[in-house]
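One chain, subunit A, links the two complexes that follow: it is found with subunit B in the first and with subunit C in the second.
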Partner chain A sequence: MSDFRVLKKHFRVWRRLSFLAIGSYLSSRIDSATFLLGKLIRFGFFLLLIVSIFRFTKTMAGYTQYEVILFYLTFNLIDVFAQAFFRGIYLFKNDVLRGNFDYVLSKPVNALFYSMSRLTDILDIVFLVPIVLLIAYTTWRLPAPVTAANVFLYLLFLCTGMLIVLGIHILSASVTIWVIESENFIWLYRETMTVGRFPPEIFSAPVRFVFTFFLPIILIVAFPAKGLLGLLSGPWILFALAYAVAFFFLCLALWRVSLKKYSSASS
Partner chain B sequence: MPAIEVVDLVKVYETYRKRPGLLGSLRGLFHRERIYTAAVNGISFSIDEGELVGFLGPNGAGKTTTLKVLSGILYPTGGDAKVLGHVPARRQKEYQKQFALVMGQKNQLWWDLPARESILLNKEIYEIPDGEFDRILGELSDLLEIGDILDFPVRKLSLGQRMKCELVAALIHNPKVLLLDEPTIGLDVVAQKNIRDFIRRYNREKKTTVLLTSHYMEDISQLCERVIILDAGRIIFDGRLDELIRTYAPQKVLTVTFAEGMPAESRFERYGELIEFGPYKAVMRVPRERIKQVAAQLLASDFPVDDILISEVAVDEVVREIFQTRAGKG
Partner chain C sequence: MKKYLTIFRISWQRELEYRFNFALGRLRSIVVLLLLYSIWHTLASTTGTFAGYTQRELITYVLGANILRSIVFGAQARSVAAEINDGTFSTYLVKPVNHFLFVFFRELAQRSISTVSAVIEVALFSFLVDARIFLQVDWRWMTLFVVTTCLALVLYSLLNYTINLIAFWSREAMGPKFLFDWFLEFSSGAYFPMDILGAGLFVAFASLPFFYLLFFPIGVYLGRYTGWQVAGGIAMQAVWIGIVAHVARFVWARGLMRFTGEGI
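Showing the complex of A and B:
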């Protein structure tokens, strides 16, 4: 089958899965509305906190108010994007435990793709719109002018950041297959990601080292923002690109191994 | 060429023994005792195209594991398995489009939504053209007599209706091989019969190769001419159902009905092994070679015999006895 046909097929499957997810959401309207409201409140309050802090200081770790807001919005963009499109992983443990993953494995569809996108979160997709608009506004309010190269680096590191996040989700699914009782891996990622809400310079050097090389939250969130602000040097750019690609393929290899180890739930 | 060919198949599961109590849990953090269980232990069989074969065995015999290996869900530990010339463990899309798996205890339908939505999802997954999809869906709906239940949320359906929808979802791509793992489990007798009738008709009309596991003997005896009996991961019988009965049931069942009166129970003991004795009926087991002679003796006796019926021992009784004997030996 040609690559284009495979891509087309998977797009059609994703579209159908999204319709199913939207159908499920619409069947529980009150639940969905409170979920969205909760997200907006959490998002708004943290933004308000940043604005409040800057009533008492002009900079935070050398960054101005709008620069700090850019880090926060970039964190939200990546976090919400992952939740919108990879939400299926949150159901993965249940699918494995109940044996429903057996059906996925027996069908002519990429099992990883299916498991990740089996619950596209339409509410998070809706939430992405104000985030993107706020990023555009914040970029316009930045103290230094933003060049086309900076915008390119921002988009490039958003992609590499998403690649690492995708890798983490694959790792989480692999761990679930290996150690079925574990579902906390993905929550470890979610909690750790909150580190990226602020510029990394507020942390000490050892903490930054850990969050760059071992738990690469700084690569995921801070690098796009720094790219937009023109603060990244050539070697760091190359390192981040190499890290993202290597990390992703390592996670993919682990997934393949874990599929061989899959023992299925007993009937 | 056989549709399914299995040679020396082995599947070993690795698990951990968990000690009880808090201390056991703490110990488990540092040291876990690994346990290896051979769910399937060197089995071989082959199934021809269009055959409908029953897999029988007690819990843990290896039936479901074999089905999961054949559907590519599990990697075998050893041996070979081929279905339609494909190695299932490779999970090739070409193979996955040619078989279907239905598990009575699991579901592939989306719970909150009408079954039609899940079937449409399978249409995309199996890349079924619109015209073909409509035709197959129409055929299956007619065969299963499901009317408009495809448009009701799955959670609102009865178990029998849900199983029918599961079958539609599984068969929408017109598979050549159908693997059924306890498709009638939990269903009432009417629903069981409906599903059985459908499987029989589908197998005959489509010439689909069917491998069926079930705990209900009725499913196997009504549908399968050939059975494979598994116990502790090994095949203990592979052949025709009537052959199974001849091999494992050296006796036949003789039922005598009396028109009146009641002869003393002790008077029947010399004819065979008495298994039921009621006011107007005596049921006994008699060795095959003596059955005609005993029947003739009863008719010629002074018993008020109204009717005599000679039948085979019920299949489930035969199978139960096989497993009880083996468990006793074990």
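Showing the complex of A and C:
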């Protein structure tokens, strides 16, 4: 089967799963509405915190109000995007625990793709709309003019950031096969991601080092924002690209090793 | 009382059963601590003060809020709603226990473990980053702090319990609980001192019960209030406890009439 046909087949699978997810969300309207409202409140309160901070200061770690807001919105864009499309990973533990993963393996579809995309969070897709609009507005309000090259770097590093996030989700699935009691691994990632809400310069140098090289949250969130602000040098750009690709393929290799280790013990 | 202490003991043992998940869960808490510490440390590092707080007060606020969250909020349990929805709640109806007290002591075990862990984390964190903390040595302020914290714990337990009882009316209780949790986190001052907000917003939040869960007890610890303000705050905590307890009792009575034991 050609690559294009494989892609087309998987897109059809994703579309069907997404329609099922929409049906599920529509059948529980109170939960859906309150979850969306809860997400908006969380988003709004942090925005309020940033605006409130700037009532007392002109800069935070050298950044102006709209620059800090750009970091915050970029964090939300990447985080919400991952929540929207890779939500299925949160169900993976139960699949392994109950032996349901055996059924996934027997389907004529990539098991990793199915496990990650089996639940599309429609609420998060809806939530992406105001985030993107606010990013456009914030970009317009930035103190320095934004060039086309800056926008290109922003989009490029959004893609590399997503590649690393995808790798982390694959890593989480791999760890689940090895250690079933690993529910908190993905939640640890979620919490760690929150350090990306603010510019990395608020952290001390050793902390920045850890969040750049070992837990690459700065590469995921701060690099796109810095790219848009024109603050990235050539070597850092090359490093981030190489890191993202290497990290992703390493996680993929670990998944393949884990899959071989899967013993179907629970089924 | 003996049976509730037994519930506490059993819940304590159960909490310690899943140690790997517990350790990872606490690691998450350290990440949040790191973020909040870094924000306020950065903001106050230039002049030594920010928004009317000294750097030491701000750092104490952040670290203190982390410990107080463990005491007051615990794991923000949703188990009551889940038990009502899946029908296992029925078993409590035939037990000779007060359901609220049962839940309170069950969660108290989890809170105790989290609090011990939070104190160790904060001590370790403070040592690693050389954080300067304000230590309250005046026993009168410490006594008032303990009193306001205990009242905050009771108030939160009642609020959380009442929200969980929504499950009597709807199988969709998790969404409202999620909404409640996030609103609570911010409006209680878990992330930042509420008085950095504009005057209008501050007054609006001060009129809610959440204001008395974290922001008020930490303010008492820092000695930022006059004696009359503390007395007024404690009175407000008592009033809110009375109001929420009545609402909880009403919702419980009405909810029981609707409960069908579906899912048993």
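Methods note: the second predicted complex is superposed on the first by the 265 of 267 C-alpha atoms of A that agree within 3 Å, B and C clash if a C-alpha of one lies under 4 Å from a C-alpha of the other, contacts with A are read in each partner's own complex, and residues count from 1 in each chain.
Definition applied: contacts are C-beta pairs under 8 Å (C-beta built on N, C-alpha and C of every residue); 3 or more make two chains touch, one makes a residue touch a chain.
If you're wondering where the values come from, they're calculated on a predicted model, not measured in any experiment.
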Which superposed partner A:A82 touches (first subunit B, second subunit C, both, neither): neither
First, second, both or neither for A:R197, with subunit B first and subunit C second: second
First, second, both or neither for A:G99, with subunit B first and subunit C second: first
Subunit C versus subunit B, contacts on subunit A by residue: C
Which superposed partner A:R12 touches (first subunit B, second subunit C, both, neither): first
Which of subunit B and subunit C A:L254 touches, first, second, both or neither: neither
Which of subunit B and subunit C A:L37 touches, first, second, both or neither: second
Partner chain in contact with A:I69 - subunit B first, subunit C second, else both or neither: neither
Shared contact residues on subunit A - subunit B and subunit C: none
Subunit B residues touching subunit A - in the complex, by the definition given at the top: 13-14, 64, 68, 71-75, 91, 93, 96-97, 99, 101, 103, 105-108, 110, 112-113, 117-118, 120-122, 124-127, 153, 181-182
For the subunit C and subunit A complex, residues of the former touching the latter: 18, 20-21, 24-25, 27-29, 31-32, 34-35, 38-39, 41-43, 50-51, 129, 170-172, 174-176, 178-179, 181-183, 185-186, 191-192, 196-198, 201
Complex contact set, residues of subunit A against subunit C: 28-35, 37-39, 41-42, 45, 48-49, 52-53, 55-57, 60-61, 179, 181-185, 187-188, 190-192, 194-195, 197-198, 201-204, 207
Residue numbers on subunit A that touch subunit B, as the complex places them: 1, 9, 12-13, 15-17, 19-20, 23-24, 27, 98-100, 102-103, 105-109, 260, 262-264, 266-267
